[in-house]
Every structure is written in C-alpha cells, then in structure tokens.
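Two complexes, one shared chain (chain A), two partners (chain B, chain C).
Showing the complex of A and B:
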C-alpha cells in the first residue's frame, strides 16, 4: 500500500503544473511578441450557433493586433471546441492549460460547460474571463481568477424588474413563465428585486413550452388587471401570449420579456405591430443592432469576419475583450498572470461603448456587469431604453 | 467463416496478456499530461459503457437502447449518494452499479413481455428519454438543468481532482468488470445468452429459462454501465442531463459497431478509438464531424465485424469463445 501511495503521489506531482517554478508559471504562454489566449466555444454540435458569440471578441483581438498589439505583444487566440458538452469542454480546457500552455482563457458559451470547468480552472489559477455564459454560479462564489464579462442571469432578471418598477404607479405586477430553470433564472431574481422594493407579484402563472393557446392564463390575468406583466417565456410562446393578450382586449398592458426573445423577431412571429407595441425585452447593448452606435462594431466584425451574418450574439463578447486589453495596457510590458488578475480587479466603471452597462471588477466581486438596458417600440421604432420613457 | 480456436498454450498467453496490459497501464501517468490523462480516463469509462451495451445488443441479440439511461442512472446515483448522503465516492460505485442493474431490470420488462426488434428499440429509447425528463424535473434531487456538482474528496491525502488518482481507480474498476464479464460469458450462463440470441424458442425447448437469461443480462449490463456512470460523475465533476441524451447513445452505438458487435475486446477497442479520435481531430477545426464520420464509415466498410475481427485474423489468442462471426 505504501508503494502504491508513493507512486500515486509522485505521479500526481509529475502531472501537476504546480511543480513548475512560480515565476515560470506566471509567464506561461507569454513571449516578447505574443500573449496566447485560450478561446473555448461550441464550434461543433447542436449548440454551435452560440459560437457566434466569440466572433466579436476575435475580431477585436485582430483590431488590437493591427494597431500593434498590447505593449508590442499580439493577442494570439488558440481556439478549442467544447461542443457544449461538459466532458469535451473539460478536455479542451485541460489541453489549453497543460498542453498548449496558454497565458489565460477567455470565452465560453454554455453555462453547464463553464460550471464543469470552474474547479479545474480555479485549481490551475490562470485568469479566465467568461464572455458569454450567464449562470451566476460560474463566478459566485467568487474565485480569484474568474471574471464575468457579461450580465449574469440574476443581473438580467433584476434589470427586468427594475424596468417594470420604473413605470410610474406600478404596483400590480403579474408573472407568467415556463416551469423550467431557464425561466426561473430570470423570474427568481426579478421576484427578489420586486420584494426588495415592496412589491409582491399579484399573480404567478405558468405557460408550458409548446402551448399554442394562452386563453386560460389571459382570462385569469383579466380578472386581476395587472399594471405590468413579466413574461419569462421563449420567443414562440411569447408570440402566442401577446397575440392572445390582444385578442382579449388587454393589449395595452405592458409586458417585460427576457433576453431570450428578440423584439423584431417577435414582431415577425406575430405579424401584427399592435401585439408587440407594448412588449419590452432585455437588451445588453447601447443601441439597436443596426443603430449608429453599433455600426463601428458591426464594421469591425465584417472587416475581420466578412461572411459573418450579424446577430445579437455576434457582439456579446466585445465588451469583455475591451476590458481585458485595458487591463493588459495598465499592467505594462512586465506582464504576469498575477499582475493581470490584479489589474482586472482595478477595472472600474469601464465604459465599453457597446454594452449598455459598464464593467466593474473588484477584489471582492468579479461579476462585472450589473444590469442591462431594455428595448421596446417607441413611436413605432425599436428603441433602447434605460428606464420607462427614458431612451438610452 | 470458421474460426481457429486458441490452443491451451495460447489461452495461457492470453491470460498473461490480460493482466500484463493493465500492469503496463499503471505506468501510463508517468507519460501523460493532465489533458492526455483526462482522455485516457475517458477511454476507460467509454470501454465500460460499450461493454454493457454490446452485452445486450451483441451477445443477447436484443435491439435495446437503454444504455444511456443506465449511464445516467449510475452518474446521478453516484452524485446524489455522494452529495446528498455524504457517502465516499468509492462506495457509490457499486451502489451506482446496483441502481443501473435496477434500471436494467425495468428495461428488461418490455423484452420479457415478448416485445422485440424495432418495438423494443423504441420502448427502451423512450425509457432513456423518460429518465432524462426525470433528471431535468426532479430539481431538489438532481439540480435540474443547473446540474449537480460532485463534492470534493481525497484518497490517501490526494484530491480526486487529480486525473492520475482517478485513472488508477478507473483502471481497477474497468479491469474488474471486464474480467467479471468475460468469466460470465465463458460460463454456462454465457452459453445460454448466446443460445437466446441464436434461437430463443429452441433455447427454451432445452429447459433453459430464457426469461431469466434475458433479465440477468440486462441487469448485468445495467450494473456495468451504472458503474461507468459513477466513474463519469467523478471524471467530469458535474452531472448534467445533457450528458445522457441521444448523442451519447449514438456515440456508444458507434463504439460497439466499430469495435465489433458482441465482442468484449471489440468494446474496449471501439471505445479507445472513438474516444481518442475526436481529440486528434481537434487539429482540424470545423472539419471534425466530417472526418469523424468518414473514418467511422471507412472502418465499418473495410471491417464490417469491427476492429476485433482484425485482431482475430492476426492471432487465435484474440478469438472469444462466446463470439460468433457472421456467416
């Protein structure tokens, strides 16, 4: 048994990066002219459409590199596929960390994969900026090397409730949602926010996925006459709900939807502007996707990825890439992993020019984006709003 | 196709080889990094999953696809026992196997009712989907879509976050279960399993209790795959419903066919090849799925009886007594 345990311990040590000299570990993946960054995403499989979320970030790296890099170092992305599968994602992370020896990690769609990666990356200690996945549990409880660069699920849920309460005289709020965790990830933080502000949801209704009629729910709502409805529903069910809401003469009640629905897509689904004229959705950007404030970013993406068909996902990771570059600039040429982590914790009220809310990371809070804007139709035009009646 | 059976000397050599390979594998961690070690660990898990699968569809000849259900039952069983009841993970391995065996008992119910062929396939597929629905909706127990983390644990002062430590445990479990399965299939019971595959009515006419043979084979398959599920829960450290869907089932089925339907050696070879292949194909981003499909198709076209048939042609020591080549 003694021989066996000795062999185990020896093998574990040989395989462990901890054996490496601290100073050497600090600069793994760094050369005089390059910083290697491991970029993990679902480049294959059922969820490969989420890989679009990394396009903006990669284009931003290219833009920085074209301008000479950061202190003379180019940002070199090493891409690995997670296929949105936890085992494949872990293999990708271990490859990047122990075989490719990247300096840091940035990216990741698919919260499940990111959650599975967390213990491995915490143990490895290298900086990791989460640029798309939204689960709060990825960065809470806080890990010293994990930074969330997009609004988390709870930030979005609270932003929904904040927008609802920003409408004057809103007291009677109803919630309708799917009975799954995706919906709860929005509705639970929204409930918490409402309660913190003295409002208890007057009605809590369920509409299951695949339902093609919302009459029962609408009739219950008609008895209650809410001031605002929070709808944590997928886009198809949202369109059905809004259609039936109008059908029963309640189309004037505003409805707050999640980031999982798109304003204009919902309009396309219903085919009737009157059904969506009072519909609002979480929107993490400073402008509409085709708005003037987003145009420079769209141009940047098309310069480096000419075939990219732009969608909401295409822009989501750019903000955290900007914050990374700002931190790298702040560290100076004498870069180490610890110095980068310290610099990231100094990123404060960082206006990315693309995300609707700034990024702030501190030594005690690595969830950098605390809220989101909202999009809704104002005078018939899709408009980004800070609060009720307040354009962004 | 006739097969040359191994001589007594060759059988002794085969026995020696069976123990020599794992003995050599004990040295593997000295030649790997955490990434390659992780892949090696995944191969051992896949070998058990494929072994359990091939027992039912290859050896017993039942078109049943409950394999992924057994895998999920084992993984969730292990995670729940470790996280909710605080049992040491090592102890959860046989318990997860027992839960997998219970799953096998349930899945065999349709076969025992005389349902066969495509109908059995659909019923067992539905069983797998039903289990996945359970993982999703029994949130207090399974964590729902958020999944379920495995609690940290140590053995002899070494954390189970070490892929090396996991490897030794996985290797021990795999060797034990492969050996037990080989012994089972070489026994009188194993011959009864083959007899059921060849002609169930004729087997019953020999006073062999075919229902019991079917039931026990399903349960042993569930036990093996349930144990693999327990290893998987520690391998990834997190259990999610998505890990136990149709994609996993298709991958396991491909491993069975590429290795050689009904062959224990083939189960191991198929698992090793198809676990390693996607990792090698990482070097071709965007083309992995295409290359993977082409390679699997090429193996099956060139070796319809799988990789094990190639080894059988090389030497009689690789001939499995309970295995029968297609005519």
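Showing the complex of A and C:
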C-alpha cells in the first residue's frame, strides 16, 4: 500500500507541471477583459483585395466590443500579413501561435496558404475558423480544431454547375481555370456535378495568374462554341478574360464565375456593362450588396472602417464571426479552448442573416455552409438567383 | 486561327520587345542587368494612371509625362544609387536594382495596396472583323506605337552622330573617354532611356490588362527571355526576341496546351542557353588566355 501511495504521489508530482501546462494552454491569449484572435490575411500582394473579407469581420468584432464584448471580454484582433504566400503565411501563423500567443485564429483568404498552415495549426490545437478560403482540403479530412465558416469549394463548385445546368438546353460546357488548389477547389466539384448529370466538360483550358492576354484560350473556345463557360479565375484574370471574350465577338456566351469575384467590381474593372452582362458569380448572401438586407452590414463596416470601399469580400467573413460570438456566449465566462471547440460543434442551423445558407457544425462535420446562391445581371441590375431565371 | 494568334502574339510581343530593348539599353552601356526593371514598368503605368484617371489628363500627354518622369527617375537612380557602387562587385549592383524595384513596388502597395485598377481603353474603337480575323483597337495601338518608336530609336542610333557616339560608348567606354566623350553622362542617359522605354511598355499594356503593384514581375521574366533569345546585348535581337516570344506563347497555348503560355518564356531561356547560348544575334564570348 505504501509503495502504491508513493508511486501515486510520484506520478502526481510528475504530471502536475503537464496538467498545469495544459490548463495554461487552454487559456493562452485570454485575460479577464480580452480574447486575442489571430487574423491572418493577404494584406499586401496581388491578391490583397481579398483582405477586405477581414475588414468586415473585424468591424463585427468592433460592434460586439462596443456592446460590451462577450461576457465582459473584448475581441482583440492581432493581424498578420500572409501576402497570399505560403511561406509568409506559415511564418505569420507561427508568430501568432508562439510569440503573440493568441487564443484562437479566424480569417485566412487564399486556399493555398490555408492548406500550408493546416498541419501547423492542427498540431498547435487552438481553434481556427476559416472565414474566407474555400478549399475543402482545409477542413476535410476533419481536424478537431478547424472549422469552415464559409461555403467550401465543393459547395460552391456544385452550386456553380447546378446553375449552369439550370439554363435550358445546356450541353456544351467549357472550363477555364488557374492551375492552383484554389481553382481546382471550384472546378473539380463542378466537374463531378456535371458528370453526375451526364455532361462532360467539352474543353478544359488554363489561364495562369498574371497573364494579361487570353487570345489563345478564346480562339480555342471560339472553335468549340460552348453553351456556358465555367471560369475559376481570380479577379484580374476574370476581367481580362471577359474583356477578350467580348473583343473576339463571344460576349453572348454566359460565364459562371467563382466567389473569388463579384459583379460590381468586375464591372468596374472591365469598365463596360456589355462585357459583364452575361457574367454570373457565386453569391453567398441573402441579398444584393446594395439591397436592404445587406444595408445594416454595410453601415456597420463603414462605421468602423469609414474609408472601406465595399465589395462582395467585405461581407464574407461576418457570418462566421457571428457564429463565433454565439459559441463564445454559449460557453459562458469560464472560457477555454476546448470548451469553445465543443460549443462550435453545437452551432446548428445558425441563421446569420447575411449568408444565403445557415451554418451547422457538428462533431463529425466542420464544413458549416453547404450551398450558395448565384448573382447575375437581370435587366441591367445585379440580382440574386436560385437558378437560371429564378430570383432567390 | 493562325492569323489571329499571330496578331495577338505580335501585339503582346511588341510589349515584350519594348521591355527587352529597355533592359538591353542599360545592359549594353553599363553591363548591369536591371533586376528591378519590372517595377519600373509598373511605376510608369501607375504614373500614367494617376495622370489619366485621377488628374484627368488625356492619354497621350499623360503617357509623355510619365515617360519623362521615369526618365528622370532612371537618371536619378543611376546617379544616386548605382554610380557610387559601380566599382564594387556586380552582385551589389544587381541587389541595388532589386532593392529599388521593391521600393517602387512597396510605394505602390502603400497607396493602392488592395486594388486591381482598371485603366481606360485608349481607343474606343470597335473591333474590325475580316472573316474570322478580329483586329482590335488595342492591338492596332500597341503595334503601331511600338513600331513608330522602334523606327525612331534605330534611326537615331544608325543615322545620327548622337547614335554613333552611343555606339562608341557601348563598344569601348575607355576609348570613348579618350576621345572626349562624357561616359558618365551617357550612362545616365541610358538609365533614363531604359526606364522611359520600360514605362512605355507598362503604359501600353495597362489598358489591356489591369494595374496592380505586382504587375511588373511577369514582364521582367518575359523581358529576360526575349533578351536571351535575341542575344544578350543585341538591340535588334531584343526586339526580335520579344516578338518571337509573344507569338510562341500564343501558338503554344492554342496548338499544344493553354498551360504552356505561362512557361513558354522559361522554356525559351532553357532552350536557348542549351542550343545557342549567344542567342540569335549575340556574339560568342571569346576569352583570350
């Protein structure tokens, strides 16, 4: 008995620093009046327009803080620039986790960067809500601490293909895309959906980032005469592609774009309505950007970021920020990382009032948003659509 | 399709030609390869954007003012940052160029960081359709402008005393000094002309593509590939190399695989270095031992 007691005491002595470490780890980045949240995004570089997503999210933090915070704690964002570059993103994540010791992470545009960060963040174990990047592989296979708060590429890709096939008599579908994970995260599910419905893409083309001319691709399309084109291209290349499409007399072919672009900015960049009149994009919101349902969110962003020029990205991360705050409220004042993860897994059918589909996270599925609406110009006005010719 | 691809390649290739030529002008006079040149191209485009879109200046005067501004910047860059370290190791000069390029890019990011900006089209000309061939206003403008500029440039080099003096400095700076030419001033002039020509490349491509601070990076690689193909140090070779590269990209993209467009420049560099390292018009390096 004496030996057993001695062993138990020794084990307790050995384990106590580890338990103390665990307890400390659970509340890293947490004080009585603040929850520090690492916010990574491309604040510089040629994909820096995506960092608008984080401006909307941080404006929501400010709104919550102005209302007293969550159980008396303010949401304090610690920003780090990834420049949409995996190496820089990894350095940013390590700094936030080890040096700044943030409580959790939320944000991240650029799927390639988010994928590169995944192993580091899984190992670190702190909660991470992916608020903009869409690649399925970020949250599938499921990691216990990673939650996707926007429609993933597969949800969006399938929504894109569903919209394309909802146009009567669509049989000849071409795909043009970048050769990166981000583009594949849209195009592969779209391909799968098309094939499930008996349609194989008639043409698959590549247009790389930084290309300033799409002549070769468009001439190939001109020979093929597709009924619809699926374009998984970033903003600048989308504008160049649409411009060249019109230039070569093919502006009447509808083009389905990703959530990486929006109608208003694409119109601004091409500078010509005729160029974008047949362009459709994934639109994850309940209304047009200037619609009445979006106005309160636009006002919120402008209250905290008065100079912010709104685009579709400005709103994309707000829904997941709402879900985070709901989970933090549910945990109560005695917050730990494990409790937050458990509370996030209890978020069911959460209507954000901004995303077109609700957020549901469970213990077995952390991809929270399962579908998306589409936006296109109808009678010259941006309109949210459920299917071809059907308003949302 | 072949005609259309050739026209598209010619239009794109003219921009590469201009950038390769501007790199070569600096290289021939100073033996410095300006690794920051892509950002000079970007800076020229942004200066013209400010003048056209923000200040409301018409395109042509704005383009001229941008080229003058970039000429001055090129001269100042040489006088202030290159000349003081010219006697040092070559790597120092290369790093100085890269640093200057990043400074320009950083300034553009500070001002326009998150935006991809549209530049208004120069000619609001409807495309001309000849059968299947589409001739766009952009293509006409780019090819026409660069051709005029090339005629002026090569005419100046071949038929004027100034051109002969420039060639003398290119061939032997020491000899040029001995006959009383101010070589330092010629070097200033080369940096200025290089920056201005590069800026024109940016100005011409801006209405076709879009503006962002990282615009210049891909053009730098295209410029290097064109220089390599034409022969390092050959002015005519740089132009021909640029045009051939533009056309090769289009052919490869249309007849082989569209993914090849982006890597054509790299393939050209590798192929030329293996098959004919001196390029089309370069001279074989001969070392006397």
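We adopt the following convention: the second predicted complex is superposed on the first by the 245 of 392 C-alpha atoms of A that agree within 3 Å, B and C clash if a C-alpha of one lies under 4 Å from a C-alpha of the other, contacts with A are read in each partner's own complex, and residues count from 1 in each chain.
Operating definition for what follows: a residue touches a chain if its C-beta (ideal position, glycine included) is under 8 Å from a C-beta of that chain, and two chains touch if they have at least 3 such contacts.
All values reported here derive from a predicted model rather than from experimental measurement.
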* To do: Applying the touch criterion given at the start, work out whether A:210 contacts chain B, chain C, both or neither, answering first, second, both or neither.
  => second
* **First, second, both or neither for A:27, with chain B first and chain C second** => neither
* Looking at the overlay, does A:200 come into contact with chain B only (first), chain C only (second), both, or neither? -> neither
* Kindly classify A:43 by the partners it touches after superposition: chain B alone (first), chain C alone (second), both, or neither? => both
* Asked: If you stack the two complexes on chain A, which partner ends up touching A:269: first (chain B), second (chain C), both, or neither?
  -> second
* To do: Based on the superposed arrangement, let me know which partner A:224 touches: chain B (first), chain C (second), both, or neither?
  => neither
* To do: Applying the touch criterion given at the start, work out whether A:112 contacts chain B, chain C, both or neither, answering first, second, both or neither.
  => first
* Please identify the positions on chain A that touch both chain B and chain C, taking each partner from its own complex. => 43-46
* Contact residues on chain B for chain A in the complex? -> 26, 29-30, 32-39, 42, 136, 139, 144-147, 149, 152, 156-158, 161-165, 168, 232, 235-238, 240, 242-243, 247, 278-279, 282, 285-286, 288-289
* Would you pull the chain A residues touching chain B in the complex into a rising list? => 5, 7-9, 11-12, 14-17, 43-46, 79-81, 84-88, 90-92, 94-95, 97-99, 112, 115-116, 119-120, 123, 135, 137, 180-182
* Structure fact -> chain C contacts chain A in the complex at 1, 4-5, 8-9, 11-12, 109, 113-118, 120-121, 127, 129, 132, 134, 136, 138, 205, 208-210, 212-215, 217-218, 249-254, 257-259, 261-262
* In the complex, go through chain A and note every residue touching chain C. => 43-46, 48-49, 51-52, 176, 179, 205-208, 210-213, 215-217, 219-220, 222-223, 235-236, 239-240, 247-249, 268-271
